[in-house]
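Each structure below is given as structure tokens.
The following pair of complexes shares a single chain, chain A, combined with chain B in the former and chain C in the latter.
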Partner chain A sequence: MALFKQATTFLGFSIPPHKKLTAAVKSVLSCRTAYFPAEFQKPITDQDVLKELEDSSEFENLKFQPFLPAPISLNSSVFYDEFKERFTRYVMKGGQKKLARELLEKTFYEIKKIQLKKYYEAETDSERNEIECNPLVILKNAIENCTPMLTVKKVSRGGSVYQVPVPVQEKKAEYLSIKWMLEAARDKGSRVHLPIKLSKELIDAHNGEGRVIKKKQDLHKLCEANRAYAHFRWS
Partner chain B sequence: MNSAKFILSRSTYFRSCLCSKNLSSVVTLDCLTESNTKVPRTSLNVPREHTKNHIGMWYNIEPNMIKRLFTYEGIAPHLKELTEIFRETSIMIREPAVSVIDYIQRSDLSVPPNKFILYGKHGTGKSLSLLHIIHHLAEENWAIVHCGYPVKWCTLFKEILPSATREGYYDHTTDASIWLQHFQLQNNIILQNPELVTMEDYHWTQREITPKGSPLTSIIDFGIGRSRYASECVFQLLKELKQHAQEGRLKLAVVIDGINSLYVGASHYRDTNRNFVPLNKLTLIEAFKPLLRSDWKGGVIVGSVDIIMSTKDRRESHLPRYLLTREGWETLDPFVPILVDKYSEKEFESAVNYYLDRRWLQHPAGASKEGKEELEFLGGGYPGELLKLVNGR
Partner chain C sequence: MRNSNILYLSRYTCYGSTPKNGRGTPKVPFPYIGPKLALRNKVVDTSSKQESKICFTELMELLSCLKEGDFNEKLCFEHQSKLKLCEEKYLATIEKEQEIRRKGTLTPGAKTLTSAQANILLKKYPQPGV
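Right after this comes the complex of A and B.
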């Protein structure tokens, strides 16, 4: 509440407490609470990048460059993957990150199990080479395949509400994709373990089929149907 | 039509934006090279021929052998699943198994049995070393009394009833007949020996009698058919086998994974007074204990001790003296302790290469030097830990 008061005084006008905070106020709040100045750079953990930097002339400049403290999950492991880390956070419920990580590891186990079965059953080499067994690639590819390009936004004009097609921002699109994927994975019987369902959904999405892909296509169809309202976005 | 075009062009624009993310960074297994990831395999499928030169190499057990020896127990479920995924059952030849096999070959059967106890931290490969040893014993026509997981009789049993034949004892029904089937399948060749006959009459009930001089298989068949008496059948069968081994009609090998579970804790079964039944009141557990004593000859005893086979309050040390308790220690004394330790450098390299060869370790960094170093650091070089790490990568 103290922060809220600070923000309102900074803006020079008071906001009635029953009103929601607008984006403008929120941005001010985040500025006011930022712990580190803007010139602080993100930490570099990739060993290859660090080696390259050491050889280059930039390294001298970086010696006096302040860096942000690294997040606790960030590390310089060769197995570290930023997207996997992000996906783990989406899987997580109630701060149980260890559980989320284990669930994702089990998902990878299941994916490998399914794909290797296909791999060893394939008869020719050309068939075999087409089968992707790397679970990380499947995860990334599946989420990318499910990412929507457009979405609809409710706009009221003349007393009626229209669903107006709008382009999705990169971050929001990825969020939607992961959200749909996990919704599909969690829609299961109580006896089915999450990794088993999630692995099947991921493999389906990797192959361009399944319910998550259908959900994305349905949204695109809605956007296509409502293209007549597109001008409401700016008018 | 125009607006449709507009949507299409806009969407391709956003599509291109999306592709610029690191989502599409596809990694391949191009960095694998022949010399880096070659799995040392040996074509010698007979454990007798394995020497210290083969340590770190992998050998295949034939599917027939696996079916005969480990249909019921012996391989943990998670490892059995892996063998199905890998389309082969391959074991790494390691020092403890090789030395035990060597000792067994050189042991004198005219004296009380040699006892070999494998010990070490959890996840070092004791059970898989036992697998290797059992394979050797089966190849050499030993009669095998194998108990893969005695804990299940104490805590994960199917049914326990008060004994029909012994006062104050308790019998397993289904579990005991399953074990008899396991024994029959493992030893079906040896049991065809016509010399193996019963040495006394067995009156199971008033009407059901196994007379003296009938083949040993009749006891087994009776136990499988009448599970109420299966525990008693196991008791008498093992007594008979001990006698036969004493008189030199067969070579008897007793293999128990987790011997300490015979001596520690109590069963999860409650008697009529709601008290947990102690282990020395379970006929099935008691049946194995006489075989572990030194009062017979013509056999060999191989076992392992593990903290996970102990109760939760006795898991402080992995050493046999602590795990076996006083009773177990005094029964088994004297024995040869054999340490099963973590992977050596060579073995670790071999193990990682095996997982790469079977395409189980899919992360491309796993094949690199840094990746292997990291796996070794994270898992401490322990086989079980390495498998856990590799499962999720």
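Right after this comes the complex of A and C.
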């Protein structure tokens, strides 16, 4: 209703609210949801990038540069990480972002607990140095270890469907690995909490073993088995 | 298929009745009624033909490497990066082609024309009597 009032006042005349919207009012309303012009840049939140910009000559030009409004999730905190933000969105179900964030925090806590236990139980210094205790590094490394290089694409030729091996694009590969990871984490008994299972899976993948790594290898094996049909990609 | 009235009359019936003495059907000529038969001053965009088997050898090398190393990904890092480079190169060339296609800048002495280029020329010099 407030939007309607704003639109009508902008036009310079008032329309009784029980009447239908005219074309002119509709055009004003659509402006609110319109795309920003092309010259609007994405907001810069990284402190290091901003410092570099201040020293360079580009900073003078940016003073009069219009910027897009920053999304709520974006900030310049020390704990902000782009990949972590993306991963929470995959964990989220039904728009419950707060719950997803809490679940990820709990998994980080679990990972830290497991790794620190290993760290203190290790006897030599060389063993200790090998153990990674930063959960964020473990998360990134685990997802990178699970990303597939190839996938199969269905192509129908002569009435039968063939599975043709094709290279995966970066975005799609990351999506697949995160999807498999969460599938493995959610496949559990009703008594087990998600963070506990997810933390175990992540540590397994970080070390290059576990269910998700096997799933990736199975896909590669399927590609290898169907290598005879590789030329169907082009013909 | 549903025949039009004129077609039906001309081919199968003569003077309102079909011949019944075994003769072939008489053909009565009729004037052409339809749209004007002339080419338009516009060409429809068609995608260019793909090159044959892009990055095929790189893919095969990667697959054989994976099989040799018992699907250990770390051993095939070189092959993987080669395939990635090849794919990127291919995608970049496609993008370049599409940009040229969209812009439709005319190059003097070119034997083959893209649809955008042909449209520009047709707009400048339209066919007479259309």
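We adopt the following convention: the second predicted complex is superposed on the first by the 201 of 235 C-alpha atoms of A that agree within 3 Å, B and C clash if a C-alpha of one lies under 4 Å from a C-alpha of the other, contacts with A are read in each partner's own complex, and residues count from 1 in each chain.
Just so it is clear, a residue touches a chain if its C-beta (ideal position, glycine included) is under 8 Å from a C-beta of that chain, and two chains touch if they have at least 3 such contacts.
Being a predicted model, the structure only gives us computed values, none of them experimental.
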Who does A:Lys221 touch here: chain B (first), chain C (second), both, or neither? second
Quick one: is A:Ala230 in contact with chain B, with chain C, with both, or with neither? Answer first, second, both or neither. both
Could you look at A:Lys188 and tell me whether it touches chain B, chain C, both or neither (first, second, both, neither)? neither
Figure out whether A:Leu150 sits in contact with chain B (first) or chain C (second), or with both, or with neither. both
In the overlay, answer first, second, both or neither for which of chain B and chain C A:Lys84 touches. neither
Quick one: name whichever of chain B and chain C touches more residues of chain A. B
Just chain B (first), just chain C (second), both, or neither: which does A:Arg128 touch? neither
Once the structures are superposed on A, label A:Tyr120 by its partner contacts, choosing first (chain B), second (chain C), both or neither. first
I'd like to know which partner A:Lys112 touches here: chain B for first, chain C for second, both or neither. first
Please report the chain A residues shared by its interface with chain B and its interface with chain C. 149-150, 165, 167, 220, 223-224, 227, 230
Within the complex, chain A is touched by chain B residues 3-4, 6-7, 10-11, 14-15, 17-18, 21-27, 29, 81, 85, 87, 359-360, 362-366, 368, 370-371, 374, 391-393
Can you check the complex and tell me which residues of chain A touch chain B? 47, 77-79, 82-83, 104-106, 108-109, 112-113, 116-117, 119-120, 133-137, 140-141, 143-144, 147, 149-150, 165, 167-168, 170, 173-174, 220, 223-224, 227-228, 230
Over in the complex, which chain C residues touch chain A? Could you list them? 50, 52-56, 59-60, 62-63, 66-67, 71, 73, 76, 80, 83-84, 87
Taking the complex as given, what residues does chain A use to touch chain C? 149-150, 165, 167, 217, 220-221, 223-224, 227, 230-231, 234
